[in-house]
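My questions all concern the structure below.
Think of it as A, B, C and D in the order they're written, each chain with its own count starting at 1.
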Amino acid sequence: MPISIETRFAFHLAAPTDILLQFEAAAIPEQTILSSDTDLDPDERCARVSAQHDIGERIWIRAQGECTVAYRARVDIERQVSNLEELSALPAHQLPGEAVEYLFDSRYCPADDFQSFVDAQFGDTAGGARIARMRDWIGENFTYVPGVSDSGTGAAQSFIARQGICRDYAHVLIALARASAIPARYVACYAPGVDPPDFHAVAEVFLADPATPAGGTWQLVDPTGMADPSQTVKIGVGRDAADVSFLTSFGPSDFRTSSVSVSQE
Amino acid sequence: MPISIETRFAFHLAAPTDILLQFEAAAIPEQTILSSDTDLDPDERCARVSAQHDIGERIWIRAQGECTVAYRARVDIERQVSNLEELSALPAHQLPGEAVEYLFDSRYCPADDFQSFVDAQFGDTAGGARIARMRDWIGENFTYVPGVSDSGTGAAQSFIARQGICRDYAHVLIALARASAIPARYVACYAPGVDPPDFHAVAEVFLADPATPAGGTWQLVDPTGMADPSQTVKIGVGRDAADVSFLTSFGPSDFRTSSVSVSQE
Amino acid sequence: MPISIETRFAFHLAAPTDILLQFEAAAIPEQTILSSDTDLDPDERCARVSAQHDIGERIWIRAQGECTVAYRARVDIERQVSNLEELSALPAHQLPGEAVEYLFDSRYCPADDFQSFVDAQFGDTAGGARIARMRDWIGENFTYVPGVSDSGTGAAQSFIARQGICRDYAHVLIALARASAIPARYVACYAPGVDPPDFHAVAEVFLADPATPAGGTWQLVDPTGMADPSQTVKIGVGRDAADVSFLTSFGPSDFRTSSVSVSQE
Amino acid sequence: MPISIETRFAFHLAAPTDILLQFEAAAIPEQTILSSDTDLDPDERCARVSAQHDIGERIWIRAQGECTVAYRARVDIERQVSNLEELSALPAHQLPGEAVEYLFDSRYCPADDFQSFVDAQFGDTAGGARIARMRDWIGENFTYVPGVSDSGTGAAQSFIARQGICRDYAHVLIALARASAIPARYVACYAPGVDPPDFHAVAEVFLADPATPAGGTWQLVDPTGMADPSQTVKIGVGRDAADVSFLTSFGPSDFRTSSVSVSQE
């Protein structure tokens, strides 16, 4: 059963400004783009580049005045979803090189600061069971409140406030996982069931399945509990929200409106 | 004339702890490792992984008690060094995908916050000339003072204090460059002339040479003025110091001593 | 020539909430309240308390739903305004006890962080001449831009952004003055000439007049250059904006609208 | 049974520097100074001023080179200590003016950020019972670890790290109390039982005793659990540690050594 996505957003640029967009479902093995239609207006000096880890694409535009983006797609997901509780953490020295960078502090996830909390609160668990406990702890202690956070809010403030939106929930889980030496990254995505409907964000952690031969895999975890990993359409990944915003502006910009609709057919 | 490097450092771990080390000269086309000798004690569960962008290697160890690292190398550098003033910034839509991530905010370089300052202070220049102006502005306004900053200090605090060490100078230049939509990254390195002798850090910016056909290249810039790009031995690169520390500890650790000696033969 | 003030503002409280208001011209020797009219709706559990240093009054209300405040006053000012350049700083050991607390770091003015910048930038001046140089430096390097800062913005961010509103300008001057061991405080006020018309804020520094016998006095300084000290109506003083907001809410509140009109008759 | 105090500390000043000291037991009704001896070396340009709220004195010196402070005192305490659980919070509109400033955010206690956590975690209690719950919550969730925090650490970082020293424990309790609209301040003090022996810090909250006629009183609360309020010798009070450091330096200074010994006779 494919997922249908439809989104529109608009912004205004007083002067010619470079804008980086990333809002399309990524063409990756675990999800097949059945159809898609992207409409950018204006589309001057538009260029596509591969996004981080070759997951999805970024679109550059340089524009002025009123800009609108309309996107529509149908996506089929064939993601293998494991039971978190059964997964284990790889010993650090067995982590592949490309997972290591997801252990480090990033703009919105100063993981180092959380090491002592993580030891005290989750020290009696490990691997996937620890991630599951972190996810549940956030679910029990946080309240989903649109409007209390903004694009400058990081995991530290969210951890104190115990409230926020998907972005904030994901940042806190990523910080807690990294503080346990488990690689964790930020995933911008679409998912049915997100309420109110909007661009969504979840975390992804690198864990190993003892049942399979070697190495580890990235596993989606949504601390808000709204997105089912088997129905989550990935847009892109990064260290945190700084890397995979759907709109990054290199100069002043006025965001006007957006609408997002995601459903299972 | 090769560069000779000799370094030793020691640390103590009360409990078994995962430690990530990155201190060796990177084997990359622009520098040839003539000889090298790495001595880790203890070297339990030691593993090597490629570091970011395949520049250098990281070494994992898991150890307890007293640990010492001794490293000695001779490196020949054949780096093409351009005149910054003659380089130009690539239009954003011509940036290759792998350079784009170096435009984003990172842990110690919250570049967004510097956009208005950069416009006001450096708005009349562009490209390499702007980077040169930024480097000179830092050189004129900052004082090199070991001990006033620590591993938690970021570009914002350094910009206010107007003092710090190589790490702080590099962070400020990186933040200013990104705020101009010029990709910038952090380079851990060895260089003769660093005073007092120590691990060194500089910035690297992505610029284009109008004289050569296409694309851009990474150019070393040292805002402290101590390192000559043609004699700088790269260890590794990253978003900022969070990515390429010579020692990252996933648990409590006590740093004991270090000595670094770098000379041109 | 008296100053005429007229202001109205409204806010909404979803649940019963304690609100602290401070918006009236202070009755102090240097300014005479010729007439005033305050209308609070609702005015349940309303109580007045003296504000900091007995300058002005704070009003507590506990209310729910739509709240409106209307205030109208005529004020005559007889303030002795000195020429900053002719004033000197008191040696620290001659500062009166009640001025000392205005040397310390406060919520939005982490002055310690600015000590090295102040030494480097203003080290060749002292006392009132130094304050005048700081005021002029802010005036030359900052741009008055409503909307780029908010109630969480402090002197550090403003110093980096080089833009903001009266609140931000005052915070930066206060931080710079304290970093020079000159007591400095925040003054909420009304002044004609503020554009766009709004509640205003300036700094006040404690300096001595060599021509008069002993001790020091508080001197108004407006780094935005919009308010003339001889026409500035003080509402209250504090360490920084955290202390003298016109509305402090002890629970969620929605600010709706405000209008401020100030003129010289 | 009087409390005996003996302390010595030393610091070095490369250049002539203004230093503010506050380390003596305050002469206030609730504690009688039976004997005291203060020895400052050097004591140039030494001046005493009343400290905040007339609790204790601050000493200014201006010195260069090696400085030593030796202090010895015997203090008798007659403090009335209430059972926290039986005290109630005053309605905001009944708070005296001088308590109101202790509701506001200060340098190390950004209380606003804690409002949503306090509501969620302690919302079912009020007044002294709520303060007791906060104190116990800190006691259960925090670990006393000298060396993990420094003079720049605030309540936000401490809340995340769940570890620190007396200063950090006090900051967290103060932030939580203010977020509940209960005035809270920082008390520098001496107390027997502090381990390791050192200058100590606790919180003080403003609560009312329903058994006595009117108004409220300040009540000592030590979230570390080490200091008995009936044996705590107050040095001074302030918004947070920024106000009542035993040594505040207006320029670079090197702290050398300190020893503190406090015992009940």
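Annotations for the structure displayed:
The definition used in the following text is that contacts are C-beta pairs under 8 Å (C-beta built on N, C-alpha and C of every residue); 3 or more make two chains touch, one makes a residue touch a chain.
On a predicted model such as this, the values are computed, not experimentally measured, just so you know.
Looking at subunit C and subunit D, no chain is in contact with each of them.
Centre-to-centre spacing of subunit A and subunit D amounts to 43 Å, using the average Cα coordinate of each chain. In terms of their C-alpha centroids, the spacing between subunit A and subunit B amounts to 28 Å. Looking at subunit C, one finds that none of its residues touch two or more other chains. Taken as a graph of touching chains, this assembly is arranged as a ring, one closed cycle with exactly two partners per chain. Across the assembly, chains come into contact as A-B, A-D, B-C, C-D. Looking at the complex, you find that subunit D touches subunit C at residues 18, 20, 45-47, 49-52, 58, 60-62, 91-98, 100-101, 103-107, 110, 115, 181, 238-239, 242-243, 248, 250-251. On the subunit C side of its complex with subunit B, the touching residues are 113-114, 116-117, 120, 141, 143, 145, 148, 156-157, 159-163.
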